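You will see two complexes here that share subunit A, one where it goes with subunit B and one where it goes with subunit C.
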Partner chain A sequence: MKKIVPLIFLLSTSSAMAIDSPITGQVQPKCSVWTETSGVYGHPLPYKLSTVPADGGVPASIRIDVAQADYYKAKFTHPNSFSSSPTLNDAVAWTGSTVVGQVSVSDMSAYEAAKVTYNNVTEFNLTLAGSTWFTVASTAQYGSTKSLPAGNYTALIVAECIAK
Partner chain B sequence: MYRQVIIAVCLCSSLHAHEMTPAYPKLESSYIKGVSVTNLKIFNRRSDVSWYEIGVFTDNWKPVPFASTANIIEVGYNKKKIFDVYIRSRDIAKAVYICTESKVFKGKEQVTLIASRICSKIKK
Partner chain C sequence: MTDVLPPEAGLQVQGIFHKYTINKSSSADSTVSIVNKNSTETGNIYERHDNWDQLPSNTKIGFDVVNPSLGSRWGEGSITASNGATLSNVIIAYNYKFDPCYIPLSDPSCPNFKDALYQYLLDNDLLNNEPAIDDPYYDEWVQYQLDRKTEEQEEEQVAKEKKEEEQEELKMERALSVAGAAEQIANPTQQLAMMQQMAAAGTLDGYYNATIEGGKYEETIKLADSTIEDNATALINLKQDKSHRRIVRSQYKD
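Presenting the complex of A and B:
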């Protein structure tokens, strides 16, 4: 009897605790910009800085996730100036590119053919839901073939996700 | 098994994200006459960034005057922040995008920095 009473008490308590506890969530158009790898400039020649792997650099890798198809476009601006550098007395010639890397949905590889490029900007129409990795490369050549002054160089890539 | 988990953790820890919702915010009348307001939510998963600049732009990316608690807001790592954007009624017709852009610090190495910008389109 001594054992049964507490048992009944426990059972009655646990049944009283059993209430509905709903988990709520909301799915809405959303874009996330993931900066996976910041690029690193290699210095293959005295006058050249480059993120191209063949030049000893590391290109930037940016992932864009969209939760719903066809709500956003992605826009990447590769650098055309240094955000910090030693004093430079000659012009710098900039080149760069943005290409589609890995994709979570195979049809996303069509983004590459449909991209629009102008100046130092590349735009992609994100028509499918999922993740797309973009690789942004940048190269800077100083003067005609002048040696770059010693120091640290940084340049800015802008990755944008814009609602359509 | 453990090695896979460690690799996954290492890969995840190097990831940084910037999110903003809703994609199509709707302006509503505010408590100030002649001023409309909308609110947005920013989520910062970039450990390298704590500050984001708010901007309102036309269809041609010309800035539109607006008010918020601050033009540059601090959002801690893995934190979200809800902020209001106030736009004068006379500017509503030309205001198209509300954006947040990460503010990155100048690096000390030979790197390319990545600024992320997300723009929502005002629902008309």
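Presenting the complex of A and C:
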């Protein structure tokens, strides 16, 4: 009688080695936003706050430095509310604007004509490398012609450099 | 540019800042040119042309870095706008650097001042001749002479100290050589050799044959006779001593 004995081969696999090899990188900002002049509200009338120089105010000047041309757009949101103020019981009518101020490259002057404006937002296509100064103005009018309560008023401009 | 840049020798221009506002029609073409002539060669040492074709009026700010070049090479500068455009609020500023020791003689604190002063004195034959009092470097000359004198004195002092040290070393060497001889004298073999040498007749004869000159010393001091008085103080002391002795001895009487 023959007996068949099964032969079992145990295959021992050699233990596998694995390592995680990191690749590191650092992204330097190619677009930066700087406040060169903080805005100041003038108070020409009891119901009005304005950054217009004729109203005794100072418009904000914001500089955007672009190291790489045509990769970014600038987005400015002028205020439509106070971030801090005395209690207000009536509506405030907001207006504002953002325009190209000084430029470091003459062709940047064309940004103004090509800007896109919607709601309280103004966008500029930053097609050139260099520095551009943007002037942001803001006006707040309380009620129709109601006097603003005394106190400190602060409103915020949001300036962003967004990758396209 | 002599009225714009400081007169410091070796001054180098390394950058130009500009700011101007151009006033023009948006539909017009214009070019703003900022130029500096080269005062030593033909042509311009710096040129910038901003193209404002079909662009609205605006203010431009810029800074150009240039290869540093001597300020003396920077000639007359100008900024112009073509095609009837006008410029306002123009600022052109030159960024420069200069080495205050470019001419080392300009300041005694400059690193090569001494060498430069020496060369100046040498060139003007003033090294050993006193310059005129209105010479621009008269004070420095005086200081140089004082320094030179001080240096000479210091060198002399160093040489003197060195000589003394050498003499001291020589003394030590001699002393050591004597010490060596003493060791030899203490050596029994050497002693025996010495005794043999001394015992040799030839050596001793010299001593026996030596003649010492004699003589007579005459009395030169004469004392005159006189009476010597008794010392009263000494007698009193002796008397006191006798009393003291008697008192002490009385203690031991039976």
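One rule holds for everything that comes next: the second predicted complex is superposed on the first by the 135 of 164 C-alpha atoms of A that agree within 3 Å, B and C clash if a C-alpha of one lies under 4 Å from a C-alpha of the other, contacts with A are read in each partner's own complex, and residues count from 1 in each chain.
By definition in this document, a residue touches a chain if its C-beta (ideal position, glycine included) is under 8 Å from a C-beta of that chain, and two chains touch if they have at least 3 such contacts.
The model shown is predicted, which means the values in this text are computed figures rather than measured ones.
Partners subunit B and subunit C, once the complexes are superposed on subunit A, both fit on it without clashing. Of the two partner chains placed by superposition, A:Ala69 touches none, neither subunit B nor subunit C. Using the contact criterion defined above for the overlaid structures, shared-chain residue A:Ala93 touches neither subunit B nor subunit C, since it reaches no partner.
Look at A:Ala110: by the touch rule set out above, it reaches subunit C but stays clear of subunit B. Of the two partner chains placed by superposition, only subunit B is touched by A:Ile162; subunit C is not. Once the two complexes are laid over each other on the shared chain, residue contacts for A:Ser84 go to subunit B alone; subunit C is not touched. Applying the stated contact rule after C-alpha superposition, one finds that A:Asn152 touches subunit B and leaves subunit C untouched. Looking at the superposition, the partner that touches the larger set of subunit A residues, subunit B or subunit C, turns out to be B. Legend: residue contacts after superposition of the two complexes on their common chain; A:Gly101 is shown touching subunit C, with no touch to subunit B. Our summary of the superposed model lists a minimum C-alpha distance of 9 Å between subunit B and subunit C.
Residues 100-110, 112-113, 131, 133 of subunit A are the ones that touch subunit C when the two sit in their complex. Contact residues on subunit B toward subunit A in their complex (touch as defined above): 14-24, 45-46, 48, 97, 101, 104, 106-121.
Taken in their complex, subunit A has these residues touching subunit B: 28-41, 43, 49, 51, 60, 62-63, 65, 71-72, 79, 83-84, 136, 138, 152-164. Listing the residues of subunit C that touch subunit A in their complex gives 19, 22, 26, 32, 50-52, 55-62.
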